[in-house]
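This report refers to the structure that appears directly beneath it.
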Amino acid sequence: MDRAKIKRELENLAAAGLPAEPVQEKAPVEVQAEGEAGGKEKAKKAEEAPRKNGLIETEYAKRGAHLDVQINPDQVVRAAEILDGEGMTLEMVTGVDWIKDGQLEVIYDYSHAGGQLFRVVVRARVDRNKPDIPTVCHIYGGANWHERETWEMLGINFAGHPQLEHFLLPEDADFYPLRKDFKP
Amino acid sequence: MLTLSTHLNTYLVIGAVLFGFGIFGLVRRPSLIGMLISVELVLSGASVNFMAFNHFLAPDPTVGQIITLFIMAIAAAEAAIALSIVLAVYRNYKSIETEDLVELKG
Amino acid sequence: MSGYFTDIITGLKSLAVGLQITNKEFLTKPITLQYPHEAVKMTPRYRGHIELIKDPETGMNKCISCGMCEKGCPSGCITVKSEKRPGVKGKVLTAYILNFTTCSLCGQCVENCKPGAIGFSNEYNLASTRREDYIFDLLRKLHPEGIPEPEVDPELLKKELEKQEAAKQAAAAKKEPAKKAPAAEGGELKAEEKS
Amino acid sequence: MSSLAQSHLRETFELNIGPQHPATHGVLRIKVVMDGEYIDRAEPILGYIHRMHEKMGENRTWNQFWPNMGRLDYLSAIAYNHCYAGLVERAMEIVVPERAEYIRVITAELNRIQSHLLGFGAYIMDLGGFTPLMYAMDEREQILDLLESVTGSRLTYCYFRFGGVYNDIDDDFITGTRAFIKRFRPQIPIYHKLVTGNVILMDRLIGVGPVSAEMCRKYGATGPVLRGSGVNYDIRRNEPYSVYPELDFDIPVYKECDSMARYMVRMDEMVQSCRIIEQALDKLPEGPVMAEKVPKALKPPKGDFHFAVEAARGTFSMRTVSDGTNTSYRMRLRSPTYSNVSLFEEASRGMLLSDALAFLGSLDPVIPEMDR
Amino acid sequence: MGTESIPTTVESVIPPALVQFHQLDKLRMLARANSLWPMTFGLACCAIEMLSSGCARFDLSRFGAEVFRPSPRQSDVMIVAGTINKKMMPAVKILYDQMPEPKWVIAMGNCAISGGPFVYPGQYNVVEGADTFLPVDVYIPGCPPRPEALIEGLLELEEKITGNRRWPRVKPETMVKG
Amino acid sequence: MEQQALLDLLYIAAFTLCGLAFGFGPLLIVYLFSPRGTRQLVNKTRIPIECGMLTIGPAWIRYGILYYLYALMFLAFDVDVLFLFPVAAAYNDFPGYRGFVEIVLFVAILSLAIVYAWNKGVFKWERKVYQQQ
Amino acid sequence: MNELIRLLSYMIGIAAFLGLNLAYLGWVERKGAGHFQRRTGPKEVGPYGLLQPLADGLKLMSKQLIIPANADKALYMCAPILIMVPAVLLFVAIPFGEHLVPREFNFGLIMMFAFASVGGLSILIGGWGSGNKYSLIAGARAVSQNVAYEIPMLLTAINIVMITGSMDLNEIIRQQGSYFWNWNIFRLDKSVLMPVSFLVFFICSLAETNRTPFDMGECEGELVAGYHTEYGGMGFGLFMMAEYANLVIGCSLTTILFLGGWQSPIGIWPGPHWFLLKMYFLVWCFVWIRWTYPRTTFWGLLNLSWKYLIPFSLVNLLLTALFIKVF
Amino acid sequence: MNPSLFSPEGLAGVIFLILICVTMIGAIIATCTTRLIRSVSGLAVCFVGVAGLYYFLNSPFVAMMELLIYVGAVCVTIAFAIMLAEPDEAKQARKITGLSGGLAAICGGFFAYALAYAAVNGKWMTPAVKRVNDGSLKEIGLSLLTRYSMVFELVSIVLLIAIVGALVLAQSGRDKA
């Protein structure tokens, strides 16, 4: 595993995924030590709006992860390939419903199951009305169940998943219980 | 009625009837295993006859018994082979019904 | 070929060892606890369903009906019913309903209770044929022979009455309705106090 | 020709194992397509004990979520308590007093022994031997007695609190624990003699259910499964939390990748846990067991937090998304068995049915934890 | 030996036999009460306590109830030990159906009684109590109940079957540390 | 028939009856004294047991070529026994080594079947390898 | 007429003996299990739990019998009865004492095997007739196992026949003489492998009675309750009873063939008590083994028979044949 | 000579009648049912009857062997084969038309009648010479070792070939699966 390489490649990936319109002059990728250092108000403001694509180096002791990168939904497979190439493990796939932003977020937690401690969080946001994201099942077999569960709980559609069937819920369930607007 | 067991004829008739049942089954059964079962009946009909003759007529009473034992051995061997053939047939044609197998030729 | 025989021998040996061990256990005394005939004593920390604690001094519960336990309970199994009684400081607990069937024995209620009015009981062998048996009124459980009335503090009562009076008067000053009832009530309470 | 037309190539049939089945440790259901005695495809079906833990995380306040932690993997509940405590402490930046941390480690390791004991017994019971279960349960009862005397419950502990533990341990507990370890140590060789060395058991376990390290990586398998595949990975070492860095213990690793290896990892971990407990008892400092100034109404700052611990069955980690209110915005529980069992489908292809069940047992699943 | 299906409203009365007279019934009930074979049916945490109670320390076998049968056809009492959720409920119903008469149901643990800690307004997956669809005979509260409570529950069931209790009742005592 | 054989027969018959009584008796009692109906929730009392699920597919399945192979070998050896029994019974009364040689030959020939099967891998229960689909 | 009275009294006697055994072997097993496992076992139902079997029996008899919908009814009902018949019938030939034997058959040994083999078929029928996959698979396994272990058993029996030249069970016992070194198990002059032979026979009788570690027929861990999954109440009870009856028969046979039956080991007081003592000792070993070992795998079990037991018994057979000629 | 019903001979006669019934019923079940597994059971029943007949013919050994081999081995093997090849008989039922049934009945009836007729009317000689031995097990063994020794060995070869052949046949498809 090569931390620097992972960081570099993910950075590039995130940069490539940035929307083309708001071209910022020199630093399309915001690499910043996260947290209070950046000035509280700014951080607050940034947190109000949905987060932009980019890579944040987080402090492990505070967040429990080393890298936190947000990319476009269509890039998750590439990210998985990069991390797989470095021998990382996909620990879990999660979804979060950001109902205010009208978005669903998919979070991939990678870790390194070997000597070194390195945790990478990859996130991607999809539109709540059209929650499609490619699957990484073919790279990580373990993603199968996690994605299936995320689909079931949040209704995120993993395109190319071999078996998007009901898993934890009864077969006839027609609701997504972890969505914030779920009412039984 | 109660002394039936001491008459040769009783056994011969039973043997004949078993044999008849065997033939009946052989014709009637549509499947190979069914036919095999019928063949076993035929064989046991024959064995009964042998035993009966042995008991009532033969000068050396071991002969019939040994022949019956041989019939058993042969029947067992036959069953083994026949069943394996049936299975092989089944494997290849997914059916053990004679009609289907006949159809195959045409 | 030698592997064939050593396999057999080691195999048989391992089997014999197993038999030996079970045999030894067979000859030792069983450790079973003969439950209905004998029973363990629970550790003081054992978490049975919660119960109100009797204050050894007053013989009453210490609950101040603040409702913190009710609010903190994750399963919402506590209902505290209380009312204001004249002459008694704070609210008086009239019923403390615990629906034990949804309790998870988490201890949040005990932790949240500032005066330490509730604790865990040691009831570990409940079983019944009726579900309703587990909706306890802890207050009634605490006082099986009847819930005693809280002591009335005469001074407080006086103060309260005065306050009431004052309020009444203030009210009377505003309108002028009848002013009979409170006096009657006060009389009653006083009578009780004497006896 | 009609009946020939519908011929199918393999002579398969479907078999349903579970949810009510003695071999599935509860209510796991496995839909098996069998090809004679061989498994063509074994698909685990979950959800028969899905209990909405993640949704409850969004509905209950941080404090109210405690009881859920005892009910995920009820066999190593303390580790789960530990993870949740660690998570929120990380978010709130609470510093836990050292004594509390030691107590946490002691109880967690006792809990781990207890869990492995049950796993050992239940596994042998799956394989048809009842007696080892009884012996294991006997030892386990002694641990439960100890834990009950501090936590008040036997199984679904709700003992940790943010910033410490619910109550302190006393001398009775310490002497009891020491006495237990002294009693327990010599038991393990007896188990090995009775069970591990048994030729029948070796026949059933050695070489059964091979899971390569690569497969573990792809499926995210952790815990004894991973360590049975030759990877030295243990959160207690690799991502140290609590006071584990100060304690000296080994991580048992076996390279055989089979069921026996996984079984042996568990057995050896019990010994190591004994070591940890003894050291922790020796080092146990005096002091408070609760951090001061932990607010009653917790409101962690906004953001994601992640915390991982080594539970008895592997890495348990939690990711929470906090929006700064008194409930979490999203609570994700990553349970080890979930990942471990997810490799069952691939690994069991072509196994014999009874091998597959021996293999499943060696993954030591706890179903409510998988279903969450 | 037929299985005339009776209406699906389930009473807690055992259907009568062909031949019956009082003394015999009493004897039968006594026999049944003393040989309650539970079904191996663990759902969640409570199942572990069920297992514990079968093991050395508590030993259900003293009451003849250790014969955990894996097949519903051979069991007399279904110990619902754990949470029933909506996906499991049909299976529980089928299993109950498949048990032959006379059969009993013990709801062990708060989950089986009422859904336990998992009920909250608006929950979507937990069945709030086994007795919403099963004729439960004995309730054992606790989360999980101690094994003693399960034994107590069995004794309670025996009492229900035979009408009298043969064993002493235990009053809980607390150890005084000194 | 001789008296001896006759009595043998009678004993066998009597004990067969006894066995039948042991079998039928309890079932009769069950018929008389068991409850006549089953309380049901979803009318599924009589469906086959499949861990609380409805059965998938037919119950009578094609199953177990390996059992069949073993049964075949059993058949051969059973017949072998059939001949060995009388030979063994007569063995003591038969002087000389001829009997021994014959038995050795007989057993050796039959053992070839085991050797063959062993070599053919009938006794091997290896994991099947499927190509990944 | 005398003969008839004798027959009837033996029938009643055997029925009583059998009934007691069937009931109390279960008790012994459960009690034994208890003590092997550090617990007490049945205790509360009657003194020492002695009424437990009665309660169980009565309960089973008042339990409803459900015939599954897609079972083959006739076969389903036949199987438990069929399995019971040989189990009871075989007691007719067991010599409990020199003169305490229902009937001395001069083909007694082979009769044991002949009728026992009927039992195997009834397991298959029961498993098949249930219309349940588990039952079917378990039935096939159980029968496969039965037949696999019948061969070494028969071969060992042939061995004995060769030594004694008789198939009369009582005669076999008589030939072993008193003092234990005369028992077949120690008759090294007949074949040096005799103790091994005994072991083979013992293992086979374990397997033939479907006991742990060979309980493929009801391997709980895999196939719910095995071939009697669909049998409830008394149907199941009959299977259990047959198992215990077979257990007694298997142990009796081992005792007769190898341990000198009613012969006394120390030369005095030969009689039924020795027989019962030896037999129950073996039964106890069965129980002991059951509560010690895990279950074998199915193929392990078949292979044990074909790879180890059968070759051993064949070699033993040849050795005996040789020894008889040489000595 | 008509023994009374309750003398041993009489009872034996009754048993004999029962055995005939058993044999016939077995044969009927074996040939007339639609389910193959029932046929096998019928076959087993029939063999039990036949074994009884052998017993009456004074050769208990052969009777026992009939049980051991036919009931215990052949029937089991056939049952296994059925399990492999034709477990569900649904298809079978439609195949049995009245015609084939009738034809079969005629065939079987004819053979049975012819044989029985021949048997009953045949003039069987009573044994002229005295029986040479008692036909016991030992005698069988002795003749196997002496007169029929060749056959004895040949049988083993036949069996070997049969088994090897059967294994080859049965295994032929095993690896393909």
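Per-chain residue numbering starts at 1, and chain names A, B, C, D, E, F, G and H are given in the order in which the chains are listed.
Please note the rule applied: a residue touches a chain if its C-beta (ideal position, glycine included) is under 8 Å from a C-beta of that chain, and two chains touch if they have at least 3 such contacts.
Computed from a prediction, not measured in an experiment: that's the story for all the values here.
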Common touching chains of subunit F and subunit C: D, E, G
Target subunit G, source subunit A, minimum contact steps: 2
Chain pair, most C-beta pairs within the contact cut-off: B-H
Subunit E and subunit H: spacing of chain centres that average the CA atoms, whole Å: 52
For subunit B paired with subunit F, centre-to-centre distance based on mean C-alpha positions, whole Å: 21
Subunit E and subunit F: spacing of chain centres that average the CA atoms, whole Å: 39
Whole-Å gap between the CA centroids of subunit A and subunit F: 61
Where subunit F touches two or more other chains at once, by residue number: 1, 7-8, 10, 30-31, 33-36, 38, 45-47, 49-53, 55, 58, 60-68, 71-76, 78-79, 81-83, 85, 88-89, 91, 93, 99, 117, 125
Where subunit D touches two or more other chains at once, by residue number: 3, 11, 13, 15, 19-22, 35-37, 47, 50, 52, 55, 60, 67, 71, 131, 134-135, 138, 156, 194-195, 198, 200, 352, 355
In subunit C, residues with contacts to at least two other chains: 15, 18, 21-22, 25, 30-32, 34, 43, 46, 74-75, 104-106
Residue numbers on subunit D that touch subunit F, as the complex places them: 11, 13-21, 29, 31, 35-38, 40, 349-352, 355
Touching residues on subunit G, where the partner in the complex is subunit H: 3, 72, 74-75, 78, 105, 107, 110-111, 113-115, 117-118, 120-121, 124-125, 128-129, 136, 140, 143-144, 147, 150, 165, 167
List of subunit E residues in touch with subunit F within their complex: 1-6, 8, 10-11, 14-20, 24, 28, 71-73, 90-98, 100-103, 133-135
Contacting residues of subunit D [partner subunit A, same complex]: 45-47, 50, 52, 54-55, 58, 87, 90, 93, 215-222, 226, 231-233, 238-239, 302-308, 315, 317, 319, 321, 329-330, 332, 334, 338-339, 342-343, 346, 371-372
Residues of subunit C defined as touching subunit D within the complex: 10-12, 14-15, 17-18, 21-22, 25, 31, 43, 45-47, 72-75, 104-108, 111-112, 120
